[in-house]
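Input: structures, listed below.
Below are two complexes that have chain A in common, paired first with chain B and then with chain C.
What follows is the complex of A and B.
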């Protein structure tokens, strides 16, 4: 087989898999655009009725508020801890480093539903009341390691000579951090924050066991799915899919712009 | 330079940066796991840790039906991993060698679904496969063909798992494949190796670290899968995570659930430690 046709095959396969990946999202979008109570395909009556109904609902507003509050808290705390974690992971050569790297990976490799239950037992044992705050803590256990990895990849390409040069020129430690380390690692921090926000926003297994009476959007969707069909589910599903896509494409675009501006 | 930083304190710079994360994982990861282990030794249906320890829960597992659920979870995870390895390798190869300037955008397109709740994405498959849904509805109205829905079968569970865990195989694999230097490949070709020989003797061994991480990650996640069987599988298979959840919720038997969770943790933990021990993470992640 020639190089050319081999490459064409690889392209075709990749695009086919992409179609497979986005097929369910397309179905959800279609289902949200019907005016009838039940989903029948081909769609008889198109309309945005369910979009309006869903967004007028006070219950949905409350869900959005809970989900966004949790995701924002998780993002801020995760990025702060993971930034220093990433420096320890990839920048400094220290004695416990390889062990540290493996410890950081463990929570990522751990089944989340079991982690959620473990945290439930733990909060219960120390007498904590479950609320959105315990859910923030639960999300962090899984998201901090992920964000640490994401930022580490940027840190690996960081040249420590830059910091040394700044020290030699008489900059204080804080100045070096603010003027050299932070700006150079900014793309990693941006992608880390995006990961943190979106992973928390979409998380179901950890929220399920640890947020007590508060409810997030994925939990609400699951409850509705199990209870029977309502067109509100496709509407919220579409919003979360396209919201994630927009945020990521936006972040990617910003980083590319910055790279171009630098070079 | 190093001397500049080592001011006063006994901890090295790296250890000091690692400290917040380590303390957090101690409280948020190690402690809960210890709590689970402690609960697994408590008598049936107790909610506190004040009783004297017993092995009754573990005895219950080996006399009960939970080993079937373990079997389902392990075998479905193994199938998922095998299918994904075959599906993802050409894409990983393409992302690191063929797609060039399109690679970042394609990578991004494969990333986006990761951030949408698993339930929502699986629900899309229901809409696709359900009676009068996108597939069967189209067949019926365009071709007049009426078929039974394939929902709630074992094949659907497997499809759901392959679909959900695809990115977890693809990204480590891509990192692995991009670790193979082009010169090595060309050298092998120049020395007269066939395409298959290059693949078997050069590509595969050199990209093994990334591939192994991908296999491990998908296997571990798939063993812990629960949503696929629930949303797409009806009740055709009961994975071990479902047993654990039932013990914690309907059955109100926390110690039994904890014992099952401990066994799952042992399986997963052993695998992770065995595989991670063999690889140098700096070499895999440090490449750009």
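What follows is the complex of A and C.
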């Protein structure tokens, strides 16, 4: 096989995989750009009517408020807990560390529907009223392990001698943390925050079981699909997906910018 | 060649006249039942460049980490200028360490790195900057490096930044934990000399650890050779070179010829592996058996058996060019000898040629162990 055809084949394969991954998201966008009431392909009449209707709806505003509130709370709490968890995970050598690593990561692989049910039963047992606050707790159970893993990756590349050097140069424990540990690990913390926010934002099974009367965007999308579909569903889906993608790209753009400024 | 017979028993310590800034008294660090550092007694004089040399696992890193306050001593005393500092944490000790990884703060510029200890001390920004710029100058770094990211500095530049940061702290003692081990040969040679110059300019006490005796030789006023947590020998580079205390120290010096021998009369030893007797200058007190050490540069090719005190017949196996010197491998029966000459004195010898090699009695060093 010639060099050229080998290149062509690699490109074709890469493109095929990308289409496979991204085409479904594009379909959502296309489905939202119709003016008719029902979902018909190919689209008969294009228009932005449903975008306007969706953004005018008070119900939708409430959905956004709930989803964002949950995601923000989850981000703050998860990052605070996972940061120190990551230090124990990757920075310090201590007896029982490998066991700790396994136990911390295990919840990632629990089936979320089962985890959600378990949390629901547990909240009921201790008599908690379900609301977005219980959903925050439920999300944390699954998201803290993920964020711990994400921040740990950064911590693994952290030279412990940096902290020792700062301490040796007269810094107090707190100054070492503020001047060295925190800023050096900041890219990991940003990555962890993005993961926390976006995983909470898109989570469906845990919210379904644990947020009681409050409704998040993924729950609403599912409910509307089951009964009462309008092109408002793909509109909301598009906003949800592309908003998440933008946030992610923006976050990594910030990290890259910081790295550039440094070097 | 100095008179090793004297210095083997008497430690001529040219630093001992100055007052000791650092005293170690039976300093020990144990991990369980294992003593990583095993009862070290040592005085380091003010302004001295003292190097601790040892193979990996000899406990030298544990020792320097205890001195810097990064590791707690199990027993014994660390006395700095008359004060016991065992329980003083690293951030309160007036000492500073240059780490093996250098530990430059990657998120800071060169200037911010150097100013770090001053910022911690609460020095105002203008004064910090002046001091940092002066240190850049002293370390032969351009002034415009002040705003440069440390990530964009070369290996040699990073070394200088790390040293500048340590000097900005203005420590009483500077510790070095093998900072040059990851640097290529040529640059390392340059930096060794620079470090010695900086030592002279600042007049500070430097305590350096390395696994390379060659590096220690270049820079140090005195060297301590460490093995299995103990100081085997302490002395000036010349003393260590010409009068190694035992086989370990002599072999640590690089290529040497070591022959197991036992005492036989006042100026003779028997080497069973050669079934021969060798003449030696003197036999140390209480010596009964040990090793005869002959440095390759003291062995020469001779024409006849009378040309040296000890002569052996062997075959030239191979030759190795080492820059300004040439080494020859000569096989005498089962035994291998290394002979070294300066390039301009090199011999025109062929492989497998039968040669006579010899050395004088005064050039053989007897060591125990």
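By our rule, the second predicted complex is superposed on the first by the 251 of 263 C-alpha atoms of A that agree within 3 Å, B and C clash if a C-alpha of one lies under 4 Å from a C-alpha of the other, contacts with A are read in each partner's own complex, and residues count from 1 in each chain.
Operating definition for what follows: contacts are C-beta pairs under 8 Å (C-beta built on N, C-alpha and C of every residue); 3 or more make two chains touch, one makes a residue touch a chain.
The structure presented is a predicted model; accordingly, all values stated were derived computationally and were not measured.
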{"item": "First, second, both or neither for A:171, with chain B first and chain C second", "value": "second"}
{"item": "Dominant toucher of chain A (residue count), chain B or chain C", "value": "B"}
{"item": "Chain B versus chain C as contact partner of A:222, first or second or both or neither", "value": "first"}
{"item": "Partner chain(s) touched by A:201 [first = chain B, second = chain C, both, neither]", "value": "first"}
{"item": "Touched partner set for A:184, first chain B, second chain C, both or neither", "value": "second"}
{"item": "Which superposed partner A:162 touches (first chain B, second chain C, both, neither)", "value": "second"}
{"item": "Touching partner for A:253 - first (chain B), second (chain C), both, neither", "value": "neither"}
{"item": "Overlap of the chain B and chain C footprints on chain A, listed as residue numbers", "value": "164, 167"}
{"item": "Touch list for chain A against partner chain B, complex", "value": "7, 9-11, 13-14, 17-18, 20-28, 30-31, 39-42, 81-82, 84-85, 87-98, 100-115, 117-122, 124-125, 137-138, 140-141, 144-145, 148-149, 152-153, 156-157, 160, 164, 167, 198-199, 201-205, 217-218, 221-222, 225, 233-234, 236-237, 240-241, 244-245, 248-249, 252"}
{"item": "Interface residues, chain B side, partner chain A - complex", "value": "1, 4, 12-15, 17-18, 20-22, 24-25, 28-29, 31-33, 35-36, 38-39, 47, 49, 87, 90-91, 93-94, 98-99, 104-106, 108-125, 127-128, 130, 132-134, 136-138, 141, 163, 166, 216-217, 220-221, 223-227, 231, 241, 244-245, 248, 254, 257-258, 261, 264-265, 268, 272-273, 276, 281-282, 285-286, 288"}
{"item": "Complex contacts: residues of chain A adjacent to chain C", "value": "159, 161-162, 164-172, 175, 179-180, 183-184, 186, 262-263"}
{"item": "Parts of chain C lying in touch with chain A, wherever the complex brings them together", "value": "68-70, 89-93, 95-97, 99-101, 103, 105-107, 116-117, 120-121, 149, 151-152, 165-166, 169"}
